[in-house]
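To start, I am sharing the structure in question, which I have written as C-alpha cells.
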Amino acid sequence: MSLAYYLLVSALLFVIGLFGALTRRNIIGVLMGIELMFNAANLNLAAFNRFLHPQGVAGQAVALFSIAVAAAEIVVGLALVLAIYRSRDTVYVEEFDLLKG
Amino acid sequence: MSPYLFWPLAGVTLLSALGVVTLRNTMHSALLLGLSLAGVAGLYLSLGADFLFAAQLLVYVGGIALLILFVVMLSGRADEMRLRQTHSTWLAAVMVCGVVFFGLWRIVALARGVLAETRTAPTTAPLGVWLLGEMAVPFELITLVLVAALVGAVVFGLSPNGSVPEK
Amino acid sequence: MGILSAIILLPLLGAAIILCVPKDKPRVVQGIAVAALVLDLLLALWALASFDPGTLQMDALSFSFVEKLPWIPSLDIHYHVGADGLSFPLILLTALLSLVAGVYSLNITVRVKEFFFWYLLLETGLLGVFAALDFFLFYLFWELTLVPMYFLIGVWGGPKKEFAAIKFFLFTLFGSVFMLLGILALYFNSTPHTFDMVQLMAAHAGFSREFQILVFLAFYLGLAVKVPAFPFHTWLPLAHVEAPTGVSVLLAGVLLKMGAYGLLRISYSMLPAGFQWFLPVLVIIAFINILYGALCAMDQTDMKKMVAYSSINHMGYCMLGMAAVSSIGFSGAVLQMITHGLITGALFLLVGVVYDRAHTREIGAFGGLGSVVPVYAGIMSLTCFASLGLPGLAGFVSEFLCFLGAFPAWKWVTILSVSGILVTAAFFLRMIEKVFLGPLDSKWEGLPDMNARELLAVLPLTALTVAIGVWPRLALDLMNPTVTYLGRLFPDLFGALR
Amino acid sequence: MRGLGLLSPEIFLSACALGLLLGDTRALRRPLRRLAGVLPHLAVLACAGAMGLVCLSASVPEELRGAGGLWAVDPMAVFFKILVLGACILVLWLSLDYRSKTPHGHPGSYGALVMLCAVGMMLLVGATDLLLALLAFELVSVSSFILAGFESRDPKSSEGAIKYFLIGAFSTGVMLYGISFYYGATGTTSLAAAQAAARTHAPLVLLAALFWIVGLGFKASLVPFHFWVPDAYEGAPTPITTFLSIAPKLAALAFLVRVFGHMLPHGVLGLGGLFALLAMLTMTFGNLVAMFQDNVKRLLAYSSIAQAGYILIGLATGDALGREGLLLYCLAYLLMNAGAFAVAIAVGNEDGYELSAYDGLACRSLGLALLMTLFLLSLAGIPPLAGFVGKFYLFAAAVGGGFWLLAVVAVLNSVVSVYYYMRIVVHMFFKEPVRPQAPALGLYLCSSLALAAAGVLLLGIYPEPFVAAVKSSAVLLTIAP
Amino acid sequence: MDLLPVVHYLPFLPLAAAVTVLLLGREGPESKLPLLGVTAMAACLVCSCVLFYQGLTGQLDLPYGASVSWFSFGDYEMPLGVLIDGPAVAMLFVVSLVSLLVHVYSFGYMRGDPRFKRYFAYLSFFSAAMLGLVVVSNLMLFFLCWELVGVSSYLLIGFWFEKPGPAYACKKAFLTTKLGDLGFFVGLLVLFAGSGTFDLQMLAERVAMGPRYFPPETAALVAILFFAGAAGKSAQVPLFIWLPDAMEGPTPVSALIHAATMVAAGVYLVARTYFIFAAAPLAMDLVAWAGVLTALLGAAMALVPYDIKRVLAFSTISQLGFMMLALGAGSLYAGMFHLTTHAFFKALLFLGAGCVIHGVHSNDMRVMGGLSKRMPSTFLTMAVATLAITGFPFLSGWFSKEAVLHAVYARSPWLWGTAWFTAGLTTFYMFRMLQLTFLGASRDHHRWEHAEEAPPVMTVPLWILALLAAGSGLVLDYNGLFERLVHFDLEGGGPLAAAAAPAWLGPAALGLFVAAAYAALWLYRGDELGADTALRGRLPGLVRVLERRCYFDDFFLACVACSDRLARLCARFDDEVVDAVFVDSWGGLTRALAASQRFFDDFFVDGAVDGTGEAVRDLGARLRRVMTGRVQEYMLYMALAVALFAIFLQTR
C-alpha cells in the first residue's frame, strides 16, 4: 500500500466532510462534517509520519493535539447549540436569521 | 500493512462518512459518524500509530460521537426525523467539493508509489517524551484551550439566572 | 515661530479656544472668531510689509518667511513653509476673504460655536495649502480643507445640503487621493527621496517623460476637480448653491484657487514634460470651461447657481492663461485667481444679502429693486460689471492678460474663447435687468437696504476690485518676479509657444 | 527548556486568568461578593502587569527565541503583544461602562476569557512553529466564540456566536489539513524548515500555505473568509465586538507577516500577487457592503474588514517599508477603531446601535460627536489623523514597490469609505435629535475615549516617535532550521 | 501758456466730480452738488479751448506724448499716459464743449427728477471717460475708456429704469457694442502679438518701419478687427441696431452720448489708428463701403418714423456713416471735420428736440406741428441745425459734407454717387421733421396750447450751439486751418487729393438739396398727414422693411434666441449627462455590486436548486433562505476560495 492510497482516503474524507459542512441544514450535521475534515487531516498526519518521516512521532503528536482541539471545539459548539436550542427551539441553520445584511 | 486490512477500513470509513452527510435522520448520521471515526482509528492502527488509535477510540468515538448523539437526542424533535436534511445548495457544494478534490489529486498523485521503508514500532513512549519534552509548551497550552472550552460550556449551559437549567 | 506659521496657526488657536467656550454664549464665540480673523489679516498685512517679491533677474524661486523644521525625520518630512509671489497674494486673499465672509456669517444663529470652529479650521487649511513647501504638509492641509467644508455645507446649507456636502467631499477626495499617489511617485523617483517641494522643483530633469506624464495625470485629477475643470466641475454648482453664503465665498474665492495654484506650483514646475504633453488638452478644457460655463450660467434662474457657473467660466480664463506658458499668461492666471476671489466672493455675499431678505434667489421673482435698495443695486451692479470684465475693474486686467498671454500660443482657441466674454456679459446684464430694472414688484416695496454688517463685509472687496482695476500694480508687483521667472523656465520645452 | 522565561508574560496572564475564574465559582461567590466588582479591575491590572513583563522582555538583548524554536520574542512580536494587551486593557475598561440589556453575570469568566484570548494571541504573534500557532489560534478562537456568545440570553448574541463558531471550526479544519501537508513536506511543524521545503516540495508547501491563508484569513477577516464578521460583531456584546475587531485580527495579521513576510517570503512561493488580490478584494468588498448598513456595529464591522484590506497592503508588497507601514497602521487602527467603538458603546448604552440613534448627537453632546467624527475620519484616512499617517505609509509602500494597481484600488477605496463613515456623521450633525439629553459617559468610557483620541491626534500630527518605534519593531528573528 | 501737461489731469476733473456727486450729499431734485460737475466741465472746456485755439494756429508742438508706468507684466511696462495730436485736440474741444452745454441744459431738463444727483454723477462720469478716451496714449487704456463710456451710456440709457423700455434698451446697447468690442479686443491681442506694444507712438514708428516689421496681413487683420469695435460703438452696419433704442434715455444724454461724442468714438478710433488702416487697403475699402452702406440705410430708415428722436437717431447713424466713408476714402481730415461739425448740429438738434419734448410731453411728431409760434427760440436754432446738416451753403455742414464728397469722389465715383443720393435723403427727412414739428398747423391743439418755450438754462446752450453750427465750418475751413491741424498723408494720395475733383460736384449737391427740401416741405404741408399716408399706402413693402430696420434687429434677436437655446442645451447637458456620469457611476458601482451578489444567488445557488426539481417542495425554505443570514452560504464562498486555491495549485 503506498502513501497515495492513504492520501486518497484522506482527501475523500476531507471532501465528504466539506460537503457535509456545506449542505447539512442541522447545525449538528455541520459539526459532524467538520469533524470528518479534522479526521482527514489526522489521517494525513499519521500517514505522512509513517511513510515519509518514520524517524519521529511529530505527526502523531500533532494528530493528538488536533484530537484535543476537536474535542474542545465540539464542547463549545454543542454547548452553543444547546443554548440556542433553548432560546430559539431550533437547530436549523437557516432559521438563524436575526442577523443579516 | 496489508491491503486486506486497508480496503475494508477505508470502505467503512468512507461509506459511513457518506452516510453521515447524506442521511435524513440525524440520529443515524450521528451513529454512522461513530462508525466512520472508528474506521479512521483502524487506519491509524494500520499505520502503526497505536497510541493515536487508542486516543481516537477514546476521545472521538467514545467522547465526541457520544456527545453528539446526546445532543441530537436532546435537541431533536420527533417530526424532524424525516425532514430533508440537505441544504438546497447541495449541487453547488458538489461542484466545489469536486474542484477541491481535483486540487488534492495533485498531491495524491505525487505520493504514488511511496512505500514505507521501516517497520512499525510502538509509539507511546516516544510520544510521551516528545509531548513532555520538546512540545511541553503546546501541551500546556492545550489545557488552556480545554479550560476555555469548559468555561464556555458552563457559561452557555447555565441558565441566565445562574442556575442549572431544568430541561 | 515665524510669521507665516503664526498666520497659519492663529485660526487653529481660535478654533481651539472656541471649542472651550460654552455652547450658550454665541456672542463670545463670535467675538473670538472675529478677533482671530482680524488678527490673522493684520498679521498677513504685516507680513506684506516685509514681503520680498524678489527681482526679475533671479535664477531660482525665492521664498520669503521660510521655516524648515524637522517633523518626521524618518521619512524626511519637514515642516517647511514659505511664500513667494505665487503663494503670498493667495495667502493675503485667503486672510481677507476669511475675514469678510466671517463677518458676514455673524448672521448665523444656529449652532454658532460649531460653525466658527469649523470655519476657523477651514481657514487654517486654506492658508496652509498655499504656504506649504513640503508635500506631506501640503497634502495634509489640502485634505484638512475638506472636512470643515463638508460640515459647513452639510449643517448650515440649503435644502439639498447633505447631498451637496457628500458630493463635494467625495468628488474632491476622489481627485486628491490620486494626487497622493502622485506625491508618492515623485518621492520614490527623486534622488535622494524627498517630499520637499523646492527640491522637487529642481529635480524634474531626473524624471523621464513617460513618468512625468503619468504623474501629471495623477496630479491633474486632484487639481482639476478643485479648479474645477470640465468635466470634473459638477460638484461645484451644487456645493456653491447649497453652502451658506460665507462658505460659498471661501469655496469660490479660495478653494478653487488651490487647484489653479497646484497646477502652477506642482504640475508645471515639477513635471514640465507632462505639462507640455497635456497642454493641447488643457487649452481645450480651458475653452470648454469658458464657453460652456458661461452658457450654463446663462440658463440658470437661480442667482447663486448662475454665479457658481460663472466661476467655472472664470477659472477657464485662468487655465487659458496658464496654457500660455509665458510670463504674461501666468501673470494673468495668478491675477485672475486673486480677482476672481475678490469679485466672486463679493457676488456670493451679495446674493446672500438678497436671499436673507427675500428668501428666494430666483431671478424671475424680482424686478425693479433698483429703486428700493439703491446701495445694494449699485454695489451688485458694480460687482457684476467687474465679473464680466469691465475695464477699470479688477476682472478686466486679469482676463486681458490671460488672453494676451494665450493668444500667441493658441490663436484660434483664444479667439473662440473671447466669445465667452460676450456670454458672460449677457447673463450678468440680463440678471441686472430682471432684478433691478423694470417696474417694481409691489411685494418687495419694504425691502430694507444693506445693513452695516453686510456693507462691512462687501465694501472691502468692492474697494479692492476697483483699486486693482485702476492700479493693477497693487497685485501685480507682488507676483511679477516670481511669475516672470516661472514664465521663462523650460525654454527647450515651451520656447516654441512663447 | 531554553527561554521559558521569555514566556513569563503569557504564563503570568494565564495564571491570573485561572485565578480570576475562581471568582465566578459558586463556592467562592458568597464570601467574595464584595470582590465581584473588583474582578474586572483585577483583569485590567493583570493585563497591565503582563504588558509590563512584555516590556521587560523587550529589553532582552541577544538570543530571542523560545524553547526548541517554537516561538520568538523579537521586536515585532513584542510590538504586537503590546498592541494586543493594549486592546485588552481598553476592552476590559470599556466593559466596565458597558450596559447590556441582558447582563450575563459572569464577570470573572468574562475577564478570564479575554485574558486567555490574549495569551493565545501573544503566543500566536511570536509563534514560529505551526503546532504552537495552531493551538494558540485555537485558544483565541475558542475564547472568542464564547465571548461573542456571552450574552447567551440575547438570541442575537448566540446566533452570532454559532455562526462565528461554525465558520471558525470550518477554517480550523482547513488549516489543520494544510498543516498536515506541511508536515508531510518537512517532517516537522517548525517554520524554520519552510524555505528549504518550499524548494524541494513546492506543491505540498504551496497547498499548505494556501490552506493557512484560509485559516488566518478567517481570523483577520479577509475577503472571502470574512462572512462571520458582521453577524458575530453585531451579536456580540459591544466591548467584545471592539475586542474582536482589533486584537485577533492584528494577531492573525502578525502571524501572516511572520510566515509570509519573513519565513516564506514572496520570492519563494510567489504569493505576493495573491496577497495583493486579497487586499484589493477585502477592502473593496468591505467598503462597498458597508455603504448599505444601517446598524453602526455592522457598519463598523464591514469597515474593519476593509481596514484589514489596507493593512494587507503592507504584506503584499513584502518589503521592509510595507512591514513598517503595516505595523504603524495596526497601531493606528487599534486607536481609532477602539475609539469609534467606545463612542458606539456610549451611544448604544441608551439608544441602541441603529444609525438613527445618532441623530443630532452633535446637539446632544458636541464633544462626543466630534470625537466620533475624529475617529471616523481617521478610519477614512483624512489627515492629520492617525489613519492617514498609516495609510500614507502603506500607500507609499505600494507605490514604492511598484504595486500600482493595488495603490489605485486602495486610494479609490478610501474615497468610497468616506461615504459610509460620513453617513454616521450625517446623522450626528445634520439631523434633529430625538431627545435632548446627552448620552451618559462613565469614567472608564471617558478615559478610554480620551486615550484613543489623544493617540489618534498625536500619531497624526507628530508621528515621528511612532514611526521610529515602528522602524525598530519591524525586525523579525531569523531562525535557522 | 503751455497747457499740454495739464491734459494729464483733464479726465480726472469730471471723474472726481462724478465720485463726489455720487457719494456725498443727499439725493433729491434740489441737490446743488451737480454744480460741481458743471464747474469741472467748465474748467475742462477752458483748457481745451485754449488748446484748440493754439492747435489751430499752430502754436502747439504736436504730437505731444508723456507717460508714466502703469503696471508691468512679464517684461512689458504698460504706460499710463497721454498722446495729443490734431484729432485729439479737436475731439477734446468738441467733447468738453458739448458736455458742458449738456450739463447746463440738463439742469433745466432734469429738474424735478428724484434721482437728479445721480444723473449728474453719471453724466460727469461719462465726460471723464470720454475725455480719457480722447487723450490716452495707449490702446489698452483706450479700450478701458472705451468700455467705460459704454457703461456710462448703459447707465444713462437705463436711467429711468422703472420703465421696461429703458431697462431693455440699455442692455441691448451694451451687449451690441460689446459684440463689436470683442473684435476690438481680439484686435488688441493680434496687435500685441504682432508688435509687442500698445503704445500708439511706438506702434506708429513700428508701422513706419515697413512691412518687415509690421506685415500688411497683420495690419489688415488688426484694422478689420478694430473696425468691428468701431462699428459697434459708432453704430455702423450691421451693429447699428442699438442706437435707435438708446433714445429711451433722457434727451440730453442722447444729445451728448448718442449724437455728439460717444458714437463718434468709433470714428475717432479709426482716426487714431489711421496709420494701421493706411497700411491695409483692404480694411480701408471695408471701412468705406460699410460707411456708405450705413449712411444710406440710416437715411432711408430715417424717412419713416414719427418719433422725433428716432428720426434723429437714424440721422446720426447715417451721418456716422458719412464720417466712416470719409475715413475709408482716405481723408482723415474730412472725417474728423464732419465729426466736429456734426457734433455741433446734431447735439443742437437733440437738445432742440429735448425742448420740444419738454414742451409737448410727447415724442410723436404727429401730435406736433406749428410749434414755431410757441417755441421760437427752439425753432430758430433747430432750423439752423437742419440747414447745417442738410448742407445749406456756408453753414458748417456744407463745408464738411463737401469735404467728404470730394474725398469720396477721388476714391470712387460709385461711392460718391451713393453718398450724394444719401445727402438728398438727408435733406428730405430733415425737412420732413422740421415741417411736421414746427411748421404747418397744429395737429393736437391741446398740447400746442400748453407747449411752452423752455427756460433760458436750456435755450442758451441751444443758441451757443446754433452759433457754432452755423459758423464753425467757415472758421475752421478758413485757410485750411483744420486741415493743417488734422491731416494724414496717405501714400500716393495727399491732403489735397480732393482738389482733383471736378467742379460740378458742388452744384450737383446743391441741386439735390433744393429738390429734396422742396419735396419734403410740399409733401408734408398742411395740417393732415394725407400725402404721407398715401405714400405709405403706395409702398407698403418698402415702408415695412424700413420700419423693421431692414430686419437687422430680427436677425440679432434670432441670434440671441439661438444662444439661449444653446445655453439651455448646455445646462441640461450638464445636469443630465456630465453630472449623471459621476453620480450614476457611483450608483452604478453599487448596483453592480448588488447585481453580482444576485448573480451568485440566482445563477449559482438557486440554479442548483432548480436543477433538482425540488423547487416546489422547498419553496418555503427558499423564501426563508432569502431572508436568512445564510451561514452556509458563507461557508460555500469560503469553500469556493479553497477550491480556487486548489486550482491555483494545479497550475503550478
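Labels for the chains are A, B, C, D and E, by order of writing; each one numbers its residues from 1.
One rule holds for everything that comes next: contacts are C-beta pairs under 8 Å (C-beta built on N, C-alpha and C of every residue); 3 or more make two chains touch, one makes a residue touch a chain.
The structure presented is a predicted model; accordingly, all values stated were derived computationally and were not measured.
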(request) Treat each pair of touching chains as one step and give the shortest count from chain D to chain E. (result) 1
(request) Give me the chains shared as neighbours by chain A and chain B. (result) D, E
(request) Averaging the CA atoms per chain, pick out the one whose centre lands closest to the mean of every protein CA shown. (result) C
(request) Averaging each chain's C-alpha atoms to get its centre, pick out the one most distant from chain A. (result) E
(request) Please indicate which chain is farthest from chain D, where distance is taken between mean Cα coordinates of the chains. (result) E
(request) Look at the interfaces A-E and C-D and say which one is made up of more C-beta pairs in contact. (result) C-D
(message) I'd like the Å distance between the centres of chain B and chain E, where a centre is the mean of that chain's Cα atoms.
(response) 99
(request) Find the geometric centre of each of chain B and chain C from their Cα atoms only, then give the gap between the two centres in Å, rounded to an integer. (result) 70
(message) Please tell me the distance, in whole Å, between the geometric centres of chain A and chain D computed from their C-alpha atoms.
(response) 26
(message) Please tell me the distance, in whole Å, between the geometric centres of chain C and chain E computed from their C-alpha atoms.
(response) 35
(message) Using the touch definition from the top, which residues of chain E touch two or more other chains?
(response) 621, 625, 629, 631-633, 635-636, 639-640, 642, 645-646, 648-649
(request) Scan chain D for residues touching two or more other chains and write them down. (result) 131, 135, 138, 142, 145-146, 149, 152-153, 158-159, 162-163, 166, 170, 174, 181, 203, 207, 231, 292
(request) Specify, in ascending order, the residues of chain C that touch 2 or more different other chains. (result) 170
(message) Please list each pair of chains that are touching.
(response) A-B, A-D, A-E, B-D, B-E, C-D, C-E, D-E
(message) With touch defined as at the start, can you tell me which chain D residues reach chain A in the complex?
(response) 131, 134-135, 138, 141-142, 145-146, 149, 152-153, 155-156, 158-163, 165-166, 169-170, 172-174, 176-177, 179-181, 183-184, 187-189, 230-231, 234-235, 292-293, 295, 298
(request) Under the touch definition given earlier, write down the residues of chain D that touch chain E in their complex. (result) 159, 162-163, 166-167, 170-171, 174, 202-203, 206-207, 210-211, 213-214, 218, 224-225, 227-228, 231, 274, 288-289, 291-292, 416
(message) So in the complex, the part of chain E that touches chain C is made up of which residues?
(response) 27, 70-76, 140, 143-148, 151, 158, 161-164, 166-168, 170-171, 174-175, 178-179, 182, 185-186, 188-190, 192-193, 560, 563-564, 566-568, 570-572, 574, 578-579, 581-583, 586
(request) Mind listing the chain C positions that touch chain E in their complex? (result) 56, 167, 170-171, 230-231, 233-235, 237, 292, 295-296, 298-300, 326-328, 331-332, 368, 370-371, 374, 385, 390-392, 396-397, 400-401, 403-404, 407-408, 414-415, 418-419, 421-423, 425-426, 429-430, 432-433, 436-440, 471-473, 476-477, 480, 483-484, 487
(request) Using the touch definition up top, name the residues of chain C that touch chain D in the complex. (result) 19, 23, 71-75, 111, 113-114, 136, 139-140, 143-144, 146-147, 150-151, 154-155, 161-162, 165-166, 169-170, 173-174, 177-178, 180-181, 184-185, 187-188
